[in-house]
Amino acid sequence: MTFQEIIKLHPRPTSLDRDARLRCINECLDCAASCTACADASQSETDVEDLVRVIRLCLDCADACGATGRIVTRQSAPDLRLLAAALEACSAACLASAEECERHAAHHEHCRVCAEICRRCKKTCDDLLAITVVETNNE
Amino acid sequence: MTFQEIIKLHPRPTSLDRDARLRCINECLDCAASCTACADASQSETDVEDLVRVIRLCLDCADACGATGRIVTRQSAPDLRLLAAALEACSAACLASAEECERHAAHHEHCRVCAEICRRCKKTCDDLLAITVVETNNE
Amino acid sequence: MTFQEIIKLHPRPTSLDRDARLRCINECLDCAASCTACADASQSETDVEDLVRVIRLCLDCADACGATGRIVTRQSAPDLRLLAAALEACSAACLASAEECERHAAHHEHCRVCAEICRRCKKTCDDLLAITVVETNNE
Amino acid sequence: MTFQEIIKLHPRPTSLDRDARLRCINECLDCAASCTACADASQSETDVEDLVRVIRLCLDCADACGATGRIVTRQSAPDLRLLAAALEACSAACLASAEECERHAAHHEHCRVCAEICRRCKKTCDDLLAITVVETNNE
C-alpha cells in the first residue's frame, strides 16, 4: 500500500525497526476493517442474539486497531511508554475478539476468517511491543 | 487484504457493485494512512511553517476517509442518500488534500506520493457515487 | 466543556461565526456518543432482529459525527468546500439515524432520546452549512 | 449531555459503577476534542518548530481518548481485560500529552488549558481502571 512509501520518506524516522512497524500498521488497518465487516455481517445473521458478544468485541477491536494503527504510523517525537501501552491494549482487543469469533467459526465463515486476522494482528502488536520495551530500557 | 473476504461472506449483501465498493474501501484505508503519515512527515520538516495547510488538510482527509471507509464497509440495511453524501464529502476532502500536496510535490517527495493516493481515492469515491446515484433513482 | 476554551485561544481563528462552530462541535460529540450508546443498547434488546437498521445507521452516524466534529474543530487554513461537504454528509447521517430511531421510539426509550439528539445535531450542521456557503460565495 | 441518558437506558447494564463510567466517557470526549484543538492551535503558532512534540502527542491522545471513550460507552457483554488495557493506554496517552503541554504552558495558554483536561481525563481513567481491576479479580 502507498502509505508505506510515505512512512519511508519521513525526514526524522524513529529508530524502532521499520519492517516491524509497517507490518503492525498493515495488520491494524486490515483488522479494523475486518472487524467492522464481521460486526456488520453478524448483525444481519438470523442468530444475531447469539452474536451480541462477537459484535461488541469486534467494534471494540476496530476502535483499538484504528487508534493504534495511527499512533504507530506517526514517527515525530514519539513517547515509547504511550506506544507500548497502546500496543498492549490493541493486543488485548485482538485476543478478546479472536477468542469470541473462534467460538462461532464453525457456523459462521466470516467469524472464522475474522479470528485469523485478529490473531495475526495480535502477533504483529506483540512483536512491536517487544522491540519497544527493549528500546525503552535502553533510553 | 482479509477484510475483502469477510465482506464477500455477508449474509445479505447490498446490490451495489461489489468490486467498486471493495476498491473504494481499499483506497480509503490507504489514503487515511497515507494522509496520517504525510501530516506527520510534514510537521517534522524544517519548512513546517509553509506546510500548515498540508498538515491541516491531510488530517481532515484522514478523518473523512476513515469514516467513509467504515460506512462503505457496512452492508446491513444501508441508506443510499447518506452513502452518497459521505462519498461526496470524502471526494471533496481528497481533492483539497491532493491539490495542496501537489503544491509541495517538487520539494517534498512524501507530498508528491500522498497527492497520488488522494487522487486515486477520489476516483474510487466518484465511481461508487455514480453507481449509488443511479441506484437511488431506481428505488 | 474545556475544548471550547482552547478553540477560543487559536492564534489565527477562522472568520466563520464562532458560536455556530462551538454549537456544532458540541452536538457532534454528543451525537456520536449517543449513537454509539444507542447502537449498543439496541443490540442487547430482545427484539434485536427488528433493530438491524437502527444499529447500522447509528454506527454510520457516529462515524460521520466524529469526523465532522474534528474537521469543524480545526481552524488552521481551512478548505470551505470540504467543510461544507462534511457538514452535508453529517446532516444526512443524522437525518437517516433520526428517522429510523423515531420508528422505534414508542417501544425503546433510548431510540426516542437518540432521535432527539440526532435532530439537534442535524440542525447545528445545517446552520453552520448555511454560514459556510455564504462565506464561500464571498471568497 | 444526552448520551448519558441513553447509557442509563441500556437493557443489560454492566455492573461497573455507572458514575465512574459516565465521568470517564465525558472526560474522554472533552480531552479528545481539546487535544484536536490544541494540536491545531499549536501548528498555527509562529514557534511551531518547538511544538512538534506537543502536536504529535496531542494527536495520539485524541486517538486514544476517542477509542477508549467508545469502548467504555458500550455495555453489552464486555471483556474486562480489554477494558483495563484500553484505560491504561488512555491514561498513558493523557500523561504524555499533559507533561509535554505543561512544558509550553507559560507561553501558550492553549497548552496550559489542554494539560489540565489531560490530567483530569487521566484521573477518571485511573479511577475506572481501579474499579475494573477489582471486578476482574472477583470474576
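We just call them A, B, C and D in the order they show up, numbering each chain from 1.
Keep in mind that, in the parts below, contacts are C-beta pairs under 8 Å (C-beta built on N, C-alpha and C of every residue); 3 or more make two chains touch, one makes a residue touch a chain.
Remember, it's a predicted structure, so these values are computed and weren't measured experimentally.
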- Message: Based on mean C-alpha positions, I'd like to know which chain lies farthest from chain D.
- Response: B
- Message: Could you classify the chain A-chain B contact as same or different, where same means more than half of all interface residue numbers appear on both copies?
- Response: same
- For copies chain C and chain D, the superposing rotation on Cα atoms, rounded to the nearest 5 degrees, equals 180
- Take the average of all CA coordinates in chain A, do the same for chain D, and state the distance between these two points in whole angstrom. 20
- Message: Using the touch definition from the top, which residues of chain A touch two or more other chains?
- Response: 40, 43-44, 46, 52, 55-56, 59, 66, 70, 74, 76-77
- Note on the structure: Per the touch rule above, chain B residues touching chain D in the complex are 40, 43-44, 46, 48-49, 52, 55-56, 59
- Message: If we count contacts the way the header does, which residues on chain D are in touch with chain C in the complex?
- Response: 1-3, 5-7, 9-12, 25, 29-31, 33-34, 36-38, 40-41, 43-46, 62, 66, 69-70, 73-77, 109-110, 113-114, 116-117, 120
- Query: Which bits of chain D are touching chain A when the two form their complex?
  - Reply: 52-53, 55-57, 59-60, 63-64, 66-67, 70-71, 74, 76-79, 81-82, 84-86, 88-89, 91-93, 95-96
